[in-house]
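Order as written gives the chain letters A, B, C and D; numbering starts at 1 within each chain.
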Amino acid sequence: MAAHDDTGRPDTAAPAIELKGISKAFGPVQANKDISIRVMPGTIHGIIGENGAGKSTLMSILYGFYKADAGEIWVHGARREIPDSQAAIAAGIGMVFQHFKLVENFTVLENVVLGAEEGARLTPSLSKARKLLKQLSEEYELHVDPDALIQDLGVGMQQRVEILKALYRQADILILDEPTGVLTPAEADHLFRILEGLKREGKTIILITHKLREIMEITDTVSVMRLGEMTATVKTPETSPEQLAELMVGRKVLLRVDKAPARPGETVLQVDNLKVTDSKGVERLRGVSLNVRKGEILGIAGVAGNGQSELLEVLGGMREGRGSVQLNGQELDLSGTKSDARTRRRRGIAHVPEDRQREGLIMDFQAWENVGFGYHDDPAYCRGMFMDNAALRKDTERKIEKFDVRPANADLAAKSFSGGNQQKLVIARELERNPDLLLVGQPTRGVDIGAIEFIHQQIVALRDEGKAVLLVSVELDEIMALSDRIAVMFDGSIMGERLPSETSERELGLLMAGISDTSREHSIKEVEENLAHSGGKVMT
Amino acid sequence: EPGLIIDLGGKFDKSFNESAYTGAQRWVEETGGDYVETELQSEAQREQTMRRMAERGANPVVVLGFANASTLEKVAPDYPDTNFVIIDEQVDQPNVKSIKFAEHEGSYLAGMMAAIASETGTVSFVGGMDVPLIRKFACGYAQGAKAVNEDIEVIQNMTGTTPAAWNDPVKGGELTRSQISQGSDVVYAAAGGTGVGVLQAAADEGIYAIGVDSNQNYMHPETMLTSMVKRVDNAVYDAFEAAEAGTLETGLEVLDLESEGVALAMDENNEDLVTEEMRTAIDEAKQQIIAGEIEVHDYTETDSCPVEM
Amino acid sequence: MDFLTIIQIGDSTIRLATPLLLACLAGLFSERSGIIDIGLEGKMLISAFFSAAVAALTGSVWLGLLAGVAAAVIFSLIHGLASITFRGDQLISGVALNFLASGMSVLIAQDIFAQGGRTPSLSGDARFASLDLPFAEALSGVPILGPIYSDMLSGHTILVYVALLAVPATWYVLFRTRFGLRLRAVGENPGAVDTAGVSVKRLRYGAVLICGLLSGLGGAYLSTGLAAGFTQEMTAGRGYIALAALIFAKWRPWQALGACLLFGFLQAVSNRFNSIDLILFEIPNAFVLALPYILTVVILAGFVGRAVPPRAGGTPYVKER
Amino acid sequence: MTKMPRWADIALIPLINLALALLVAGIVLLFIGQNPVEALQIMVRGAVGSTYGWGYTLFYATNFIFTGLAVAVAFHAKLFNIGGEGQAQLGSLGVALVCLAVPWPHWLLALPAAIVGGAVFGAAWAFIPAYLQAKRGSHIVITTIMFNFIASSLLVYLLVSTLKAPGMAPESARFPEGAWLPSARELFASIGIEFSRAPLNVSFLVALLACWLVWLLLWRTRLGYEIRALGHSEPAARYAGISPPRIVIIAMLISGALAGLMAVNAVMGEQERLLQDNVLGAGFVGIAVALMGRSHPVGVLLAAILFGALYQGGAELEFETSVPRQMIIVIQALVILFTGALDNMVREPVTGLFLRYGKRKPAPGTPAE
């Protein structure tokens, strides 16, 4: 297939990157199908697509991390074999991965020189790198302490280290894979300023994201991927968010949720001064207080790693905490054997976990075994110390039908279902318990638009039945669309609560950065400093 | 067809097992007969191996070493038509012949030689597994040494308390070095395969050593004073022959100095080291022991030794 | 215990610590690169056998050493193949190699020498001779330090000094060279090394080869330095003790030296005394022998400082799920 | 990457692995100047060619069933229990103490007591490593290795001191006659069949029962569900209200108890006294057995019989030829290597083949969306 050039740009210079017919399969999953794309030098080229569309795969191929099954890579008009990252680096390509590739207990400096040392002895390399790093960080406003250990840095800082790594290797084509997923809007703005600066220097940037706003803001050209294929490449000024969304999912989409106003009743969950300390002794929740009432959805917004996961885990009984949590007026144990998930479930708390594959399901268990997961001691599923497998299987078949899980086969292993259908299994299991309180984390992460609509409807329906819902999501859009009240978490504390109708993304963004006085103008610097020390980490 | 079960440590331990093996080989050479042989690999296989031998029709089945006693006690009654021979321990079954040696007598002579050879006034002993049998060696050795020189110091070390002690040359060497540092200049090893390490260390450090069971004089001709040979080879040879002739008698037999069941090895390898003084002293003592004029105490009779170590 | 005994025990400690130290440093390289190696025992054993066998056949201890190291390196390569190339379970591979060594050594020994799974005794040039350090003779008269130098430190075989020198060398390589930086990185986060343009496989194979080399030296020392020939199972758990020392040392070279000397000392003491009389009660020898193992468990239990292993240890590096 | 039929996963691949192991073993035999075909014949004949052979084959298999199940149960909880050896040693101690403590009138009374003794002691020895893993995160592989050594030191100590019977060898007194288990010979004789004198005894039936109970435990009980869930994912277990420390400890206790039960066969069924090493590496063979049997009780049973035959055949091989018994250890090592560590060497190409030739018929579970 010939490379398409929908932008109509005259071919004055050779493209910085040209991919021709790239295909890649992971076992049975075709992640990339015959993809061709051109990236012109000195531009910022966006790539968007739903989760699982194959964006990261494509870029990892370009960076030599994966090997394509078929296809060619051309860099600045010359065909290049890129069998490994070494070759990509030699071709002037640098990449900042979605999940950072840093050695946690090394210093910034060591991470930067790793793989790019000069000579066999380390000391000269390190001192030389120190100088260069200083120069680079001044040039691009990328300030980091070269002697800090990575594990002591916040995510924003870690990302800078990644960018510095690429620049240190003299990359002139920089790939960033969802760099803003872990950043606050303000941090993202700063990142974009850096990218603009790099672009002015003549560097080429490929930016992966699935946030349409960012695409519209910063890119020159944008390519859309769907289900492993490249569906279009357009010039940014000539397109609109609506058009892009449609290209992304293949049909017209409604970008909001229909729901009636909430009619909250009495308090179901009352949390006071809840604290959690992790295994390393770091305090992850620093005295959180909040409440959720019947018939309402409380959304928790925040940059990943600011304690939301810990909040869900401690409420769901997966870790211990201190403070007070009351359910329907009754105190819950926060430590000891009675603080476990089993007890919580018995008390009427259902929990859709943030990571379905790691927590919500046993990927090697069959669907019917998973439907009993967490409820395997429910008398309906057991006979004494034995499991009643027949009952469990029957119940599963019913749930599969009701929630339209496809394929409708209770004997399939969980791992054989697609992400969206796995999520439906979890949702079916938890919502069907008719809980007083539903804890739900990242309900639509990695789920396609169709399933998103369905899942959102189910959550709202549960609320309308008069149940309490605590929703955690890093997607601000989802929080805005679903919540009746929004609490923003930063560094283990609630920075503030807002009503969706009375707040803006900007205000929430500042709260997410730890700035509670949202009325005055804040410098980017302040936002950054706050985040650098918040200990926020990328979730893995 | 006779059968021989070589015990742990293997038939080339240069010592106890090797001696039995040599006896069996001599029988093959001299009679042209055939025998079945197998080697034990572990403690818990004794039973299977004995049964296998008996099932296969071997007769007599010769087992080496005291460790077989309790197993034989159990197996022998199951095969009343098969005769068994056990060396070094007594098993009271109608179809078992038990052969023991007067190790204390041979060791007494070895102790005398050591005491004569010693210039430092300290000699030493490295035993294998710490069992009464080995203490019997040690006690005889000490008695002999003290008989020559009342003030002589005898150091005694056992390698261990388990059968692994028969096969730990590294530790044998370490023990010897430690004894040397305490002044010993003649070491007597009664430790099976461990002894190889003892003799090696003695050779490395240039002190005299005395071997055991087989004639080990050839191993380090410059330093091997002698070996206290225990004629296990003869015992095996005789058992095989008697069985062939149908004259094997069950019950206990003790082989001593008189019957040449134990002796000091004198050959071309140690002739330069053995002085005339030694030769006469030993010959004299040997006669006296046979004649009953010298009574060498057997440790196993009282579980104690009359002389200091 | 008098001074002489202390010197003697010190002397013995150094001898007995040497194979532990070589194996421990071998494990250090492997595990720092993220490859757990419980096959140290097997590598030492196979090397002990081949070095003794070839030394016995050729009469040259150097050829023996070469053969021993080569055998250990081959074992390392199998471990690498299983755990790096085929992303298998490193623990299982290690267990398998330990068995392979224990079976193969006897099998081949029996085939070549027919001496019940051992090699003939080595003597002369087929063994490592002891080396006197310079001025050992002259200084022996100096009180206290003299005996320590001339009786304890001097008079060991060359491999002892190689092992001792390997400690600073390991430290230097690990913390002062490019290779060391990459090695430590690959044991912590292979993804970081890979995306930095360095081959994870090559690094790990490198580490595993060094591991083979060092454990090979350790095995060769056992049969041609410490003892005079190979006997069945002559490593007697030293590979596991080395592993214990490695944990004790928290994967650091100088601490490894300390741990190996401690465990060597325990062996030296238990060799010398059948039981230790502590006036109030007597410690049985079996306990002294088990002490390294008990200590390791105590350390692992975190009662004496926590040992944090390299983070990527034990998990194969898989890019594609 | 699981587009491979189940039978290929549980039967084909282990068989290819086994074939490779035997092939390499054959090459080793050739290398030491033996005829592998002849050797195989001797081994097969020795192992299954007579009631004597069967008696020993199944006797060994009984040991390996127990230790194999022990490793398998731990595997299901994602624990690698290398401590079977030490746990079985302690199990031996437990069985011996029970048998020696009471003048048992009849084996039917002694057997249940010995089962309890072996299981409790084995479990107790597994408890410490399990506790340290569960509560303090100490790597169980290392701690169980250490505990193997400590166990053998402990037994040595006891056998040369308190438990030592008169005589020179470090072994306990012989058990009273009432604690002797009926052998296969006696059992068969009662129904009029002649069986050789071999140590095969009623423990074999106990082992079969253990297989069934383990199957029931793992796939039919809540506890088994929890063990398997934890083995697949610890965060998921915590999410489901399954306490990982609790399950780690329970799984190891079961594992240790199973390993300890081996002593009922080896100590009570054969030796009838406590020796310094009754286990003879069966704890390690259990690893190979569990790997080959894919940690399923039926697989473990079959693999244990295979290894039993290997051990008995190997003993015969040693008897008949100059090939030392270590040949079995080599085969065992190769089986562990090929089925455990080099599994992907076979699995990847086989999966590739299935992917290539199995494409026409879409496998169930291909996306509907």
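Keep this in mind: a contact is a pair of C-beta atoms (placed from the backbone, for glycine too) under 8 Å apart; a residue touches a chain by one contact, two chains touch by 3 or more.
These are the chains along with the protein names UniProt gives them: A = Nucleoside ABC transporter ATP-binding protein; C, D = Nucleoside ABC transporter membrane protein.
This is a predicted model, so every value here is computed, not measured.
With contact taken as defined at the outset, subunit A and subunit B are each touched by C, D.
Most remote from subunit C, judged by the distance between CA-atom centroids, is A. Between the chain pairs A-D and B-D, more C-beta pairs are in contact across A-D. Centre to centre, using the average C-alpha position, subunit A and subunit D are separated by 45 Å. Look at where the CA atoms of subunit B average out and do the same for subunit D: the two points lie 39 Å apart. With centres defined as mean CA coordinates, subunit C is found 46 Å away from subunit A.
Taking the mean of the C-alpha atoms as each chain's centre, subunit C and subunit D sit 30 Å apart. Across the assembly, subunit C contributes residues 114, 117, 286, 321 that each touch 2 or more other chains. The multi-chain contact residues of subunit D, meaning those touching 2 or more other chains, are 1, 156, 160, 324, 326. Subunit B has residues 39, 130, 161 in contact with two or more other chains. Contacting chain pairs in the structure are A-C, A-D, B-C, B-D, C-D. Contact residues on subunit A toward subunit D in their complex (touch as defined above): 27-28, 316-319, 337, 340-345, 351, 353, 355, 358-365, 369, 372-374, 376-377, 382, 385-387, 389, 406-407, 409, 412-413, 415-418, 420-421, 448, 450. Residues of subunit C that touch subunit A in their complex: 175-182, 184-185, 188-189, 191-199, 311, 319-321. Within the complex formed with subunit B, the subunit D residues making contact are 52, 56, 156, 159-160, 165, 167-171, 174, 196-199, 266, 270-273, 275-278, 280, 315, 318-319, 324-326. On the subunit A side of its complex with subunit C, the touching residues are 26, 63, 65-66, 84-90, 95, 97, 101-106, 110-111, 113-117, 119-123, 125, 165, 169. Those residues of subunit B whose C-beta lies close enough to touch subunit C in the complex are 6, 9-13, 17, 39, 130, 157-158, 160-161, 167-171, 173-175, 177-178, 181, 193, 196-197, 200, 203, 219.
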